[in-house]
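Next up, some structures in structure tokens.
One chain, subunit A, links the two complexes that follow: it is found with subunit B in the first and with subunit C in the second.
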Partner chain A sequence: MIPAFILQHAPALLLCVPMLGAFATPLLGRLGAGIRNAWALLAMLATLCVAGILTSEVLANGTLIYTFGAAAPSFAVPLDSGGIPIRIIFAVDAMGAFMALSASIVGTAVLLYSIASQKKNSGQDGYYGLLLLLTVGILGMVCTGDLFNFFVFLEINSLAGAALVAYRVDKGVAVEAGLKYAVLSTLGGLLVLFAIALLYGQYDALNIAMIASRMQFTLLDKVALVMLLVALAMKAGSVPMHFWTPDAYSMAPSAITAFLVVASQASLYGVFRVVFSLYGLALDCLTVGWIIIILGVLSMFVGVTMAIPQKDVKRLMAYHAVSQTGYMLLGVGVALAVLGNQDLLAAYGNIAMQGGIFHIINHAMYKGLLFLTAGAIFYRTGTRNLNRLGGLGHSMKWTMIFFIIGALAIAGIPPFNGFASKLMIYESVFLFNPLLSIIAMVVSILTLASFVKVFHSIFMGPALPEYAEVREAPLPMLIGMGILALMVILFGVFPQQVVDILVAPAAAALTDQGGYIASVLGGA
Partner chain B sequence: MAAIVTLQTGTGFWNPLAWCIAFAIALVFAYLIWMLGEKDPGKGGDLVRPYLSGNPEPEKSAVHLRGGNLYWGFTEALHGYYSRVTPLHSGILTDYLLWFLGVIAVVLIMVGVLA
Partner chain C sequence: MLYDLPFLAAALLMVIGIATMLLRRNLIKVVMGLSLVEAGVNLLLVALGYRGGGIAPIFTNAPQDLMVLPTVQAMTLTNIVIGIATTALMLSFVMVIYRRYGTADADAVRRLRG
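Right after this comes the complex of A and B.
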């Protein structure tokens, strides 16, 4: 039985728990590494529990509104405010809950993995504190119903992410990668802030639902849309603004890289929230849909072709992360392009949307898993260079199995989860434009080819003398990988359950702009 | 049970359970065929020694194909593409910023003119 207090305040607790965890971690670190690690893990597990509770509440009762500072959390519009929701409001619909749950699962696996992978490193107080702060940023972005609040969490996300990329300060390139990430994120953040200012200047409101209800799609709204769209697409790692991705992903500790994928997905969520909930049918859906589709196709193709010649396993995987983001943009872009046409939306738009959203959680799981396996290999061998690695299948069998699961999933091989979401995208996008679907399939084939190369380079061949002493990764790292591998298999074997329970409600919540507005403003 | 695991994809469906069963049957057949083979080829002799046109067999560690050797033909065939796209990933921050601002300009024109 869940206490009523937790049920009532779940949206606030979702942020309070990791925030408390983050700020208390350096203090508890003074009592000992074991206590600090246990505290950080406890905070992340509690966050996962709250995310689970919140998701089940949202799926059972619809969008959850939480107004900070109000007499009652659901009291969004004060009587004397002229119908404007003036307080910070969290509006957690099925899409937000879906993202929060996905982030919390990966966050838990990453933190568990970090306990072993960071054991030899210094500065762990800051590491765990920043990891939990990054969690706060991600969860805040996907839960808030307030544009300025979204910007604040975007900044928390960016700053914590940049600091974690540069975590290995003894390596100059890591600091350089962190700086690039920070500068680009800051520029993106400034554009988001400027766009919010444009909208605030016109509509006297910062609440997404309020602005959406008044949206005129003026010239200034178009400028704001472009700034929001491009800045968030850049943060999501979309081509041709993806250049920071291989630099940052390859230099960050592997556990952090796995979580940076989720951080990027929070920005992707921002793109979807802006076009569907903030602008909705006020947009020229076909034009903006095609812009997102073009970004998606470019991301898919350039990402995978740049991955193939890479020799650094993490750079290679980073390019694949870019490529997979393209599938999500493609699926959701097609849905946006036909948003105004109910017949086409029913014929294939909804499935394309569901495929794109399903791919978000699938990608978080298998890409997180792949980065963790890369980290385990680096942890044991001290290199990420594919030209130096080989024969590790003899000594790191569990890591190899987890890698195979992740690689087959990302390549869209049945029965793993990547296949299910890609199949939904292929079939629905084919009805929209066959060429796009064919490109998506070719990209999957190239992805498989690329991971065959990685598998061969790292695990196959005779045991090499330089790695004669290499042993299997430590148990916490294996457990972290195992959690994600299990999710990859379960989501692949029971895809319809995931679609019915999580994905379809999330897709429906995004396309139902009227429902989103009504949930916040009620009859106002 | 079939309804539980069957994914509806709009125009078709996908049943992972059926695929797993088919895969398991294929594995059983593969195992049976393997069982028909030589039970104990022994650890030495001509039967297990690789034939390299009479050349001596190199050390095991010397025959592993490294990652950089794979897909050389692919990248060579797409040399024109790679020679243009790879230099764009210069690692220079100002280049990244330029691309970012360039995309804003292009999308601004697309949204401003078309939408």
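Right after this comes the complex of A and C.
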């Protein structure tokens, strides 16, 4: 049914399609706005299709290796190279495919939404081009099996992201946020490159699997680990390196903010890939696991306490994004802490890992949904200030329903998806350390409290005279939000199926370092 | 010791760059500091690939076998290109900020708080 050509080259097509889309968008923009929008949407839908095909391939046949420039994509190690994979290799395992799928679902919703929300603005050619380029950066980061390649895609991600944050200048304030984001991302990127240089200097390889198979865990490796962790955790927006998130998230156009959440998660994926696949059991797992757990708990707690007093609805949601990132770090950190011990891993480590990874896709869905509803409110009323909003429940009913779905999901209320992943994290972390689990629950309650306040001040109360003209958001925006809301409900109602099909293979792929190495180097 | 000098220089460049970013308040100088860090990383990469007495890694009619490593040079080249793109983007941001705020002083450019 699907042509063999597409099946064989799916990992390359996953990047080629959005990249072609990105660079052709400004050209097609000359022909007219409708053609350009249709083209951008087509490129994103095609990317989603390729991501779906790739995911089903990976889940059916295991890790997919794609070697660029080789006679056949599976020739990872050339015969005359002495067993070193010298070419750029994409190694898409279940975790990478999972991230790619979740990113392209959010990307599609965001693009649909943008068609309405950007309609009246200038410079849309660049906007859609950069949006697709950001997609390239994210997908590249989660697919690549090569460290330097990872750095390049990280930089594409940062550049496109910073340009989009500053896209609507807004008296210069958005540019200030964009500059902050760009400077921090670039510094982070250079730290990553420095760490890559340290690793290359010792192991003569850039391939993640190759370095992992030669890993000695010398002093230089420890320095490289610290640099990678600091830089990637900063890009993921974890406390104490979170200070750019509220600025960038609140000043970017709302559709972009929803996608920036995914861009941050690509860096989070980088953290996981580094600790599990690159270092793996060579690490002092308990120590590094606890470092990640502490980062996670700090992110959860500081994020939510900073969110409560905010008056700008997007700034508030940005702090919640920091807080939710903490859950993912907590779940995966617990799994890392017990990585060497098969009994504990089977008892609760695997569940914690699955919970953390499940929370990634759930977070992308409900947080994207929440930012899109905030964008719809801003689009119709022109303000994000909670003190000035009110009574919108009378006029924006669908937006209100979508907001309720997102808010209940982020607070972990059944039957929405946030509940499913949070429950997995609570249960397993409780067995590891009850205190951590209790903190996680308290943070959820605070999240709920904060969103009740937001809901009340935006939607409840009598219809205000200054918003008498406000109507429901336009249809493409509602469709964009609807896709995400549908996913939130589906994932919440059928969590077991999602975990079995998507999440458990992803978690297993991350913990199985030997399998990852063998899939690239061929049974080494 | 002589062969370690490029590494020391790279570390020094990076430290100077980071110190510039932290201590200087002019946004242009912050971007300059970032460029210095980038130069330090580039120097580290190229120095890693050097082999004493090696020639440029071009195989056609090569007079000898001992060559410096080409991979790190390719990486450096890529990083220079990326660096130009990021520096240009950030400098254009600083330009817009200066036009809108009337200053490029990092202490004055602080409208986002809380």
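Operating definition for what follows: the second predicted complex is superposed on the first by the 521 of 524 C-alpha atoms of A that agree within 3 Å, B and C clash if a C-alpha of one lies under 4 Å from a C-alpha of the other, contacts with A are read in each partner's own complex, and residues count from 1 in each chain.
Please note the rule applied: a contact is a pair of C-beta atoms (placed from the backbone, for glycine too) under 8 Å apart; a residue touches a chain by one contact, two chains touch by 3 or more.
In this text, all values refer to a predicted model and were calculated from it rather than measured experimentally.
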Subunit B versus subunit C as contact partner of A:187, first or second or both or neither: both
Which of subunit B and subunit C A:84 touches, first, second, both or neither: neither
Partner chain(s) touched by A:229 [first = subunit B, second = subunit C, both, neither]: first
Subunit B versus subunit C, judged by how many residues of subunit A each one touches: B
First, second, both or neither for A:281, with subunit B first and subunit C second: neither
First (subunit B), second (subunit C), both or neither touched by A:172: second
Touching partner for A:462 - first (subunit B), second (subunit C), both, neither: first
First, second, both or neither for A:155, with subunit B first and subunit C second: second
Partner chain(s) touched by A:247 [first = subunit B, second = subunit C, both, neither]: both
Subunit A residues contacted in one complex by subunit B, in the other by subunit C: 179-180, 183, 187, 246-247, 309
Subunit C to subunit A touching residues, read off their complex: 14, 18, 21, 27, 30-31, 34, 37-38, 41, 44-45, 48, 71-72, 75, 78-79, 82, 85-86, 89-90, 93-94, 96-97, 99-101, 109, 111-112, 114
Subunit B contact footprint on subunit A (complex, rising order): 179-180, 183-184, 187-188, 191, 219, 222-223, 225-227, 229-230, 233-234, 240-241, 243-244, 246-247, 283-284, 287-288, 291, 302, 305-306, 308-309, 311, 347-348, 350-351, 385-391, 414-415, 419-420, 423-424, 427-428, 431, 449, 453-454, 456-457, 460-465, 492-497, 499
Of subunit A, residues touching subunit C in the complex: 148, 152, 155, 158-159, 162-163, 166, 169, 171-173, 175-180, 182-183, 186-187, 189-190, 193-194, 197, 200-201, 206, 246-247, 250-251, 309-310, 312, 315
Touching residues (chain side subunit B, partner subunit A) in the complex: 4-12, 14, 16-17, 19-20, 23, 60-61, 63-68, 70-71, 74-75, 78, 81-82, 85-86, 88-91, 93, 95-97, 99-100, 102-104, 107-108, 110-112, 114-115
